[in-house]
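Here come two complexes built around chain A, the first alongside chain B, the second alongside chain C.
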Partner chain A sequence: MLDPSRMLPLTVALPLLGAALLVVAGRLLPRTANDVLATAVAVTTCAALTVLWLRAGDGRVVSWAGGWRPRHGESVGIVLVGDRLGIGLALLAAVLIVAVLAYSWRYFDEPPERHRGSFPALLLLFEAGMCGFALTGDLFDAFVFFELMGVCAYALTGYRVEDSRPLHGALTFGVVNSLAAYGTLLGIGLLYARTGELGMAQIGAQLAGHHTDALLVTAFVLTVTSMLVKAAAVPFHFWLPDAHAVAPTPVCMLMSGVMVELGVYGTARIYGTVFAGPHGIPAHAYQHTMIGIGVLTALVGAVMCWQQRHLKRLLAFSTIGHTGLFLIGLGLLDPHATAGTALYVAGHAGTKAALFGLVGVLLDRHGSVDEHALHGRGRELRLAGGLFLLGGLALSGLPPFGTGLGKALAEHAAGEYAGWLTAVYVLVSAVTGGAVLRAGLRVFGGAGPAPRRSHADIETSGEGEEPEVRDPRRAVPLTMTVVPGLLLAGSLALGVLPGAGRAVAAGARAFGDRAGYLADVTGAHAALPPPPPPTAWTGSGLLLGLLSCGLAIAFAAAAVWLPAAPERALRVLRRPAGPAHRFAVVPLRRLHSGLLGDYLMWLTVGMAALLLAVGAQL
Partner chain B sequence: MTLLPFLAAGWIFLVGLYGMVTSRNLVHAVGCLAVAQSSTYVLLLAVGYRRGGTAPVFADIPVGSTVVDPVVQALVLTDVVVGATVTALLLSLVIQIRKRTGTLDPEALTGLKG
Partner chain C sequence: MTRNTRTTVFLVAAAVLAAAFTWACTGLPRFGTDTHPYGDRAVRAALAHRTANVVSAINFDQRALDTLGEESILFAAVLGAVVLLRRARDEDRADPEPRRVLPSTRLLGAALLPVTVLVGVYVVAHGQLSPGGGFQGGVVLATGLHLAYVAADYRVLRRVRPLAVFGALDATGAGAFTALGLAGLIAGGSYLENVLPLGTFNQLTSGGTVPLVNAAVGVEVASGVIVLLAQFLDQAVEITSPGHAGPVQNTGGGAPGNPPEAS
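== the complex of A and B ==
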């Protein structure tokens, strides 16, 4: 058996190698051979990460590239550090890559003749970027891997170059994310100027000898902004719905399932190792800022999610809503909340990827992802419809799904910090789950009266989408329904199997153990951290899960069947809702203008606000 | 070290940002992104500068002489590669947008909103 520290670089190198092979050999091999090669590489990476996950235990696997270890406390080497949470996220990415490869097995039936291997090669490159980002212990490498996964994601988003909207979405995505990444590089430069180190642990150790001042706050804000942009935190979130609405469905599965969550992870990791020590950014300043951003993101995501009729945009905004909850969870700096959030992320990844996959079936059948135009047209897709509704319930936190358990643990920890945060968790998961249920009931069940066709100037309809396949007469490929089913089953298993929760709890303990991280990287010994938090279902967690699920069903039922109620009753309801809609929702929707300049303006405003918020709390 | 290089880097970043926010041409916008990126070169090279230092190549200078920091130079090289990749990809997207829509004005791309 290989030494774990030697296996760590393999998890990045394997997909890179596979991608290079596919690009070189792709044009010579037939399509099936390309798919087999890509799947084999992805499965091998998955296996390597599983072994690492098992062997990392409660500690960390540390690997110095080329054996350039630190000498006398100074280092020029590059380090990879894997703990349970980092390896777990990389594993999640690898599992989703396998799922996506299986899902898109027959999806793009006619790849470009001369570049047959390009789609799977891009997927593998994307995987290498995500694994590297999750496992790196070096701040500059984090930037490089961040850009690698970014560039692959931009290219994959604009993969269908025949249509102008994917190109538009990919360009917005690329410009906003890259600009933020260059900001991060400025921040890294400032940190290097202050400490002379690039490793996260080394910078963190050196900062203890300096004072918190304007330079450190600026470096913190610059470094964290790109992570928050990737995590689609409000007001940095504008690129996400545009990119998700137009990206090929398999790419949406990856971006919503794991890439966005990597932004949340990066924020927490960078704060936790680099800035959390003495003379860093004080914990209370970080907590308040992150909880503020998280609540804002969760609420904006939920409101916007409910308003959508474009199914992919609906799911994209639900991802924003959930990312807000993840930001709150990791912003609490509490092992219980971290464990819950980690489970929530994993459960959400399975659920959201499954839902996107099922929307892909609709796109495949009807060339549309518009909730209004598809009313009742999904009736013959019984299995897909059932899975879609189940996914909506799972998204709202139905026990015993992994999303439900993660939400229960995180909202309990959040409720101990401030009681009203529990309400945010319940409300946001209920509204996003309800929106999915509403769409599912209408599209797959034909429930309620057909919605009136509106042509408002503030929304994107889902009509006129290019079908991603060429031949609508063939049956839906089996993998396109089986893969979402398996992903949902995986999400369920996370909440049912007690081993999963325990392992994540141990990972959460190691994640919060800053001294242990620093000691492991520098080769010293640290005291053992406190025991891992419990991760079992509790009575209150079950009840709150059922509550948000019930609310989701109620919201969906009201939206679907209320329009059939007598006109007099409706008028009573509309009277208070009208002004709220006109003065709050419509302006909010108008902010999502699709214009690049506006989004960059918001990026600047957000950075300035972050600077002021953190600076004012010192 | 003086504050000047840091201020210059900040200025270049903001100028690039301003250009992107007000841009009416996508090629111009991607160019402004490259301008914003070049602020990172200025900042990194300024961080590694040593007064009286020479290039960190020890082929023809005695060991122990003052040189500028080679680490930041490696960083800038990597940064250049990353920037070239991003700019090339974005420009190719812009070319495709021009082919499909016939326009380069970002304000004319209104397919995604709400």
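== the complex of A and C ==
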């Protein structure tokens, strides 16, 4: 059974089987038994993925479902292809599922009666969707697992039915994502009509015999739109903060930690395998488009993140900012940037999931996630507070965290492409990290004067939240602090252990090697690609990491303590910032209206803009 | 943003999309040509596995992994509906009052129920041979059962539809599909491999694992749709929110808001 090509489909089958078992046995077993069963399945899947990660080496594991291997270069079946990046993402998802199961061990008051296994079962189905999506080499199959991932995420987002807001958030999330998925289906239909193939490698090989025309551009835009919606790229990002604000904290850990990043991965995988060949979408057109979207996403995410006082929305916008950086990293089509981004994604997942977990502790204790209302009320949560501030520093790229190493490698590669991109990396990580530090200092340290209450219409306060747990008198469950601590430690280990970086670099090389992918799927042999890029810390990387970390601390300190400065000094500072705030920030905040109609308008506008942008560059 | 701005911007963007899609469609192959690369291969592969219904051969054999994903989506959707439509703490349950049903409706429903269920079973059972299969037959089975609601009333439906059993059957069907895949992995070496004897072409037992996977999907779809409809019916008929007077919905004998007495 330890043949890697046999193990590849197990990573989907195990969680599916576990979910079915939980639904059947869930109503009979006590809660603890359900949790143990779900955790056992998740740990086994993790172990299988770890073995696959080790066995994949620098190459790929190829598995034909149903044994429909190609004859004379043609097959009717579905191929699963695992390289280190795909397997690594699936492993990341599996690790986060274990973490979330452990975190929510004592989190919810009581699971719904008669359906005790439903929450862990949905988590396992979510895991199956993510693993299948990361490992499939077939475009239609990718769509199917993408949808599975989506359906579970919508249901999990609306899990707290006592309040009407979660249902509203889940509905927005579901409608926007489903409409974009229709686009992908149309795109796959166009590609299938032209090539008669559904496998990514097979479509890519067939497209070489055609020309770059309207059909190809339209198919490209339609296919990647749903990926970009999941990745929360601007202007497709509106659903994300609304969904994160209302979803249970453990679900936010998964969505921000890995689901959004899978959208970035999907975009890069589909472009690289299907559209990157001769007579495809030219590399420069893809690079310019992705860098454009990435920079826009990163800046909007950072600005909006800084403006939030609702802690979950703050973290959600910081995810958007970082996704922008990931989009730039994978849009450069450079193995150095890919390796850096892969590390960045893994480090970010640990950090962001930990931060969400710690916000969950606040929600548990105080029934609020509002930075202003919680001022100083987190003082007694010493450990959680320390971890939260550490998470803020890690988010800003403090060496030697994995986020820092990933950022250093990606920004170095981006700087080679265009110098100003380095500034985007530094600024965005500094602002998002600074926002977290600001909130941490105020909530856990009680630092600075208590912010004045404002009731502006553009603000979403985090007050009046239903605590996700019922009994406020009990102590905070140990797992709710231990799990975030372990996640942060994992993020640190990624930057410290040299093995992790080397393995990711080899994966990045395989990820960018289109000829090798096509050859592996058709059973031919291709020449080995050039050696993997180096992934060690460099002097400039360390300095830039310290710079963005220092900036983050400076921003946070300014926000927390400046209001205590004399009024005259403040007026001098406010004058130049006034117009920028009035003409840029306020309108931007008003665009995040919470209205589904607005979001769908932006979805259409984004697709049209993508079509025009790619079409104009041919 | 005003409504007008929103509509105008949307229409402009939608026009761009429509123009691009129309232009793209001019690049499609013409209708009526005789080159169908995937179709030819799929038919050959279906015949090689002695499965008369090529669509089922694609769904349950050649691209069975897609189907596993799709029925998992249904499974997850049903589970999601159960979770989202569960009774919240502030909602009460009230027993619906029975209403009079026209005798003709009652007669027709009672006569059609067994026929519809039989048709459903037939469509599922012959999935490997003729058009139909687990998905289609499953939906027929589930809707057939709901004739009890149309012909009699909600309490009769509840008696013929033990939700705990169907919930478990739904999960069992989904699990059986996954487990059949594992059997293929153990016996044949590939996940979802068709490892059973292929039988004689156009016989009920032909197609190897296709009839089994098909049956698992039939059970899952039928039970899943029953559980799904039950959640929505519960919301409409049984559950009352605070601030609303008791259930005002019609409890049998036709579409809601159209009481049978009126006719």
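Quick note on the criterion: the second predicted complex is superposed on the first by the 617 of 618 C-alpha atoms of A that agree within 3 Å, B and C clash if a C-alpha of one lies under 4 Å from a C-alpha of the other, contacts with A are read in each partner's own complex, and residues count from 1 in each chain.
We take it that a contact is a pair of C-beta atoms (placed from the backbone, for glycine too) under 8 Å apart; a residue touches a chain by one contact, two chains touch by 3 or more.
The shown structure was predicted, so the numbers you read here are calculated from the model rather than taken from an experiment.
Of the two partner chains placed around the shared chain by superposition, chain B and chain C are both touched by A:Val161. Contact with neither chain B nor chain C is seen for A:Val345 once the two complexes are overlaid on the shared chain.
In the superposed model, A:Met480 makes contact with neither chain B nor chain C. In the superposition on chain A, A:Gly132 makes contact with chain C only, not with chain B. By the touch criterion defined above, A:Ala556 reaches neither chain B nor chain C. In the superposition on chain A, contact of A:Leu228 is made with neither chain B nor chain C. Once the two complexes are overlaid on the shared chain, A:Leu596 sits against chain B while remaining clear of chain C. Between chain B and chain C, more residues of chain A are touched by C.
Once chain A of one complex is fitted onto chain A of the other, the partner contacts of A:Val151 extend to both chain B and chain C. In the superposition on chain A, A:Leu179 makes contact with chain B only, while chain C stays out of contact range. Chain A residues 76, 140, 144, 147, 151, 154-155, 158, 161-162, 167, 170, 186, 190, 192-193, 198, 590, 593, 597, 600-601, 604 lie at the interface with chain B in one structure and with chain C in the other. Chain contact summary for the complex, chain A toward chain B: residues 76, 140, 143-144, 147, 150-151, 154-155, 158, 161-165, 167-172, 174-175, 178-179, 182-183, 185-186, 189-190, 192-193, 198, 241-242, 245-246, 307-308, 456, 458-460, 589-590, 592-597, 600-601, 604. Looking at the complex, you find that chain A touches chain C at residues 6, 9-10, 12-13, 16-17, 19-21, 23-24, 27, 63-68, 74-78, 80, 112, 114-115, 118-119, 121-122, 125, 128-129, 132, 138, 140-141, 144-145, 147-148, 151-152, 154-156, 158-159, 161-162, 167, 170, 186, 190, 192-194, 196-198, 213-219, 221, 590-591, 593, 597-598, 600-601, 604-605, 607-609, 611-612, 615. For chain B in complex with chain A, the touching residues are 9, 13, 17, 20-23, 26, 29-30, 33, 36-37, 39-40, 43-44, 47, 71-72, 75, 78-79, 82, 85-86, 89-90, 93-94, 96-97, 100-101, 106-107, 109-114. The touching residues of chain C, counted against chain A in their complex, run 1, 6, 9-10, 12-14, 16-17, 20-21, 23-29, 35-39, 41-42, 45, 58, 61-66, 68-70, 72-73, 75-77, 79-86, 88-90, 164, 167-168, 170-172, 174-175, 178-179, 181-182, 184-185, 188-194.
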